[in-house]
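Following are the structures in question.
Consider the two complexes below, in which chain A is the common component and chain B and chain C are the respective partners.
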Partner chain A sequence: MLERSEWYDIARDTNWTPSYVSQEALFPPEMGDPYGIPTEEWETFDEPYKVSYREYVNIQREKDSAAYSVKAALARSKFHDEADEGWACVLKLHYGAVALTEYQACQFQARMSRFGPSPAMRNMSVYGMLDELRHTQLQLFFPHELVHRDRQYDWAHEAQHSKNWAVLGGRHAMDDIMMTRDAITSSVMVSFAFETALTNLQMIGLSTDAANLGDHTFANLITSIQSDEARHAQLGTPTIEIMIRNGRKKEAQQAMDIALWRVWRLFSITVGIPMDYYIPLEQRHMSFKEFMHEWVINQWERQVQDLGLERPWYWDIFLLDIDNHHHCQQGGIWSWRPTVWWNPPGAVGPKEREWLEEKYPGWNESYGSYWDVITNNLLQGHEEKTHPQCIPIICNMCQIPISHRPGPEWGARAYQREYGERRYNFCTEVCRWIFDTDPERYKDHETIVDRMYSGEIDPPTLENVLKYMGIGVISEGGRDGHDYGWVEGFRAQAAE
Partner chain B sequence: MSGDAVARNNAVGPVLRAGEVADAVVEALEEDNPGKEFTVEDRVAYVRAETEGECVVRAETVARVLGRPFKIAELEVNLSSFSGRIETTDDTMRFYFEKRL
Partner chain C sequence: MSAFPILSRFQQDAHIKTVEIEPGQTMDEVAAACAFHSIGLHVADKPGRTLRVRPTTEDDSAPPWPRDLTVEKAGIRFYDCIDIYFEEPQ
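Take a look at the complex of A and B:
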């Protein structure tokens, strides 16, 4: 049999000159390449991670049969009977946020496979499309067996069809970078910024903790998924190199900057909170910050330089956000726990706080001051005081409640923009900058709070708002996953 | 970490799902990249192997270490990620940076 390299270049060269329709009709710029880079340039696209269809099918079969057989082998284990609710939260959050996002990714790959201006890109993204379909199916199937024990697992399938506030944020970002851009821009945004930089957090970051906890099914599943990502994410590098060579560095840079920030804001919640709060202390292998520094600051940023792009202009804001955003959102999500589909544990007992202080010096005098109030209320039997009576202000870009580090470094300020008929609020300069890159694109989207005032949720009573968000419909909303057990350490300390 | 934190390294290499293939690849890396120092971090579910600037994995060497036939394409099953950039040929995978810092 011929070696792959002996036939590969000919096999992937599927460009021809159309005679029945114009080139432009076959590859409309708004779907493929809006930058007008010549076809000959795109024909130099050389994907660095090559695979033939025969190899692909064999390898994927091997991956799938391993993932399903580990699951089958462990199906009778008592793992889920005995697992900590904190870990169950990791799974509920993961599946709800990820399963059908993979299906969006499948559509994004499909767009590249049809409209990509380079035949090599079209070829590789066919595999990418099949990969993402595999990810969707696995991550719908795996949680399915857990639905009978806990309805909250049903959000794996339902979340993306709901209007839960946490889903609106994810959907807004994914619609922006994956669903509504041309093949080239979204390749920079998704293949390079999302898949190369950040999917590692979700799919590898949680795997060691899963293995430490004994959830080998999940550890095996997500690292298997990531082995597909490692391949199809490579669609981004030749795209960027060709853009730079053809005078489109600025556009590539902007696409990367927008996407990194958008996906980061989500992952700091879906991975940052689990790693630093939900996973039981004994099983945590690294802090989220350490993981971010290893994988994004050291590994990905170095690739950015190698390709000839610059790190994003907001790098300093990003580094600060790594220290802060998920701590803020742990406080927020816990406080508004009835609005989510998992049971977030506060999980800030004396030992956990010691760990947080060690990993994030200054945690106690900042975030700790927020939890002090909550802890005291719980110790005094005033659970009702731990539920906020007001509505948060939501960022008009990331759709996440606007928050800041509490305590002595309090630096809260409003980032606003007047545009057209209204005022928009943003969490940071970065979200506002993204809005400014194309206000017409973003202006009509309403945050969950906008919807309470615009009549979309009518009347905006607590009961109606929860129902609008799928709470009490798809499953019950969240409660403290440890039934406030984490405050007992402080009671014991006080008694001593 | 200062506000200016930035990657000043040339570390490249595979991140592998823990298991016999990962162990064999680490052994093969050392054999196929003479004179190179590798750091190997075992993270229970995965193993990160890294060296300076460039390294190559050869299917032939992995096969010999494993004691069974092994095609380079099979490495994908266990290759969850990597640092640096990648280049694949019929029987090798190379991790590298174009620019050295």
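Take a look at the complex of A and C:
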């Protein structure tokens, strides 16, 4: 038999010239390459991770049997009976946010494998498509084991079919970057900005904490997934190189800038909050900020520059967001906990606050002032005062409550835009800039708050809004995951 | 016209909140409506200090509206963002 190196390139790069239909009919630009880059250029596409179909199937089969054998052990294990509810939150949030997003990623890869202008890209993305299908299956199957213990795990499957506010954020971003762009633009957005910068880091960050906690099932599962991501994420780099060589640097840059921000806003909630709040203090291996600086700021930024792109124009806003966004949303999600499908612990007892102040100097003065009010209410037995009776305004791009640093710096600000008949609200200049890149694309979408005033949720009573969001339908909504146990440290302090 | 939502940017709060107000309400009433959703919930009270209302601007420098001015006279519209803040003691 021939060695792979003797046949791989020629097999992979084989292309054809259509004669019954035009090239354009076969590869419509809006699905493939809207930039008009010549076919010969796309034929130079080369990615370093070479694998044959036979090898791929063998490797994946082994990975799957390893992952599923751990799953079989999970059915007998007592781990979830004893696990901290903070960790259960990580899992519920992760599965709800991720499982069917993987299925969207599968469709994105499928688009590249059909409409990608380069034969090598089409070849590689077939594996990517199968990878993402595997990730969907795994992340639906694992939580399914837990549904009989706790209905909130059912959101793994139901979330994407719901109109929960937290899901609208994920869906709006993924529809934007994965589902409704041509193969080339979404390859920059997903393979490079999302998968290279953020997903595989998510896996590294969470798998270390999972192993520390003793959840080897989850650690194994995401390590297995990450090994696929590391391969198919490489689709983005050659795409960007070819775009730059053919005078499309500006477009590649813009696609990267939009996608990094969109995914960042979600990622800091699904990973930042777990790392700095949900995971018990003793098991945290590093802060989210340390992790972002090591993996994204230092490493990914270098990759961006090596490729010939610039770091995004909003870099300073991004750095500021690393210090603030997930802290704000921990406060917001906790305050409006009946609206989510997990039980977020406040997790800001005296020891946790000391840790937060050390990792985020100034935390006590700003975020501490917010939690002081809540803590006092709980200590005085006024639990009812921890439930807001209003709703925060939501960003028309990221769909996340518009918030920023509380306390003396008072950073929250709504960035507005009038367009057509409507007034739009954004959390930052960046979300507003994304809207401005293509207002026609984004103008019709309504946030959950817009829907309360447009008649979509009618009448917008608390009960109706919760039901609209799937709360009490798919499962009960959230409560404090530690039954307010974290305030006891303050009571003890006061008694001393 | 009846109640409509504005964006309440309450001093030192982390979130900008949607609060419903009415055209006939005075600025003092608007401040009280917004305070209800921030003070004692996410922001500590400052007893004895007066709350004032001003339009949100980039540098937080707009003068406050008179306390008895109505929403209608101030020209506040759907989804307008307003600041509610504690007046410095004279």
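Rule of thumb we're sticking to: the second predicted complex is superposed on the first by the 493 of 496 C-alpha atoms of A that agree within 3 Å, B and C clash if a C-alpha of one lies under 4 Å from a C-alpha of the other, contacts with A are read in each partner's own complex, and residues count from 1 in each chain.
Just so we're on the same page, a residue touches a chain if its C-beta (ideal position, glycine included) is under 8 Å from a C-beta of that chain, and two chains touch if they have at least 3 such contacts.
These numbers were taken from a predicted model, which means no experiment stands behind them.
Chemist: Pick one for A:Leu130: touches chain B only (first), chain C only (second), both, or neither.
Modeler: So A:Leu130 meets neither chain B nor chain C here.
Chemist: One more residue to check, A:Tyr370. First (chain B), second (chain C), both or neither?
Modeler: Once the two structures are laid over each other on A, A:Tyr370 reaches chain C alone.
Chemist: Which partner does A:Gln305 reach: the first (chain B), the second (chain C), both, or neither?
Modeler: So A:Gln305 only meets chain B here.
Chemist: Which partner does A:Met275 reach: the first (chain B), the second (chain C), both, or neither?
Modeler: A:Met275: touches no partner chain.
Chemist: According to the stated criteria, A:Gln389 is in contact with first (chain B), second (chain C), both, or neither; which is it?
Modeler: Only chain C; A:Gln389 stays clear of chain B.
Chemist: Which of the two, chain B or chain C, is in touch with more residues of chain A?
Modeler: B
Chemist: Pick one for A:Met256: touches chain B only (first), chain C only (second), both, or neither.
Modeler: Neither partner.
Chemist: First (chain B), second (chain C), both or neither: which does A:Pro401 touch?
Modeler: second
Chemist: With both complexes overlaid on chain A, does A:Ile37 touch chain B (first), chain C (second), both or neither?
Modeler: A:Ile37: touches no partner chain.
Chemist: Once the complexes are superposed, what residues of chain A are shared between the chain B interface and the chain C interface?
Modeler: none
Chemist: Could you please specify the touching residues of chain B with respect to chain A in the complex?
Modeler: Counting only chain B, the residues touching chain A are 1, 3-7, 9-11, 15, 17-18, 43-46, 71, 73-74, 76-90, 97-99, 101.
Chemist: Under the stated contact criterion, what part of chain A meets chain B in this complex?
Modeler: Residue list for chain A touching chain B: 3-5, 48-52, 55, 58-59, 62-63, 66, 200, 203-204, 207-208, 210-212, 219-220, 223-224, 226-227, 229-231, 234, 237, 285, 293, 297-299, 301-303, 305-306, 311, 315-316, 319-320.
Chemist: Which stretch or stretches of chain A touch chain C in the complex?
Modeler: 328, 331-332, 335, 367, 369-370, 372-374, 377, 385-386, 388-393, 401-408, 410, 412-414, 416, 423, 425, 449, 453
Chemist: What does chain C use to touch chain A in their complex?
Modeler: On the chain C side, the touching residues are 5, 7-9, 11-19, 36-37, 40-44, 56, 78-79, 81.
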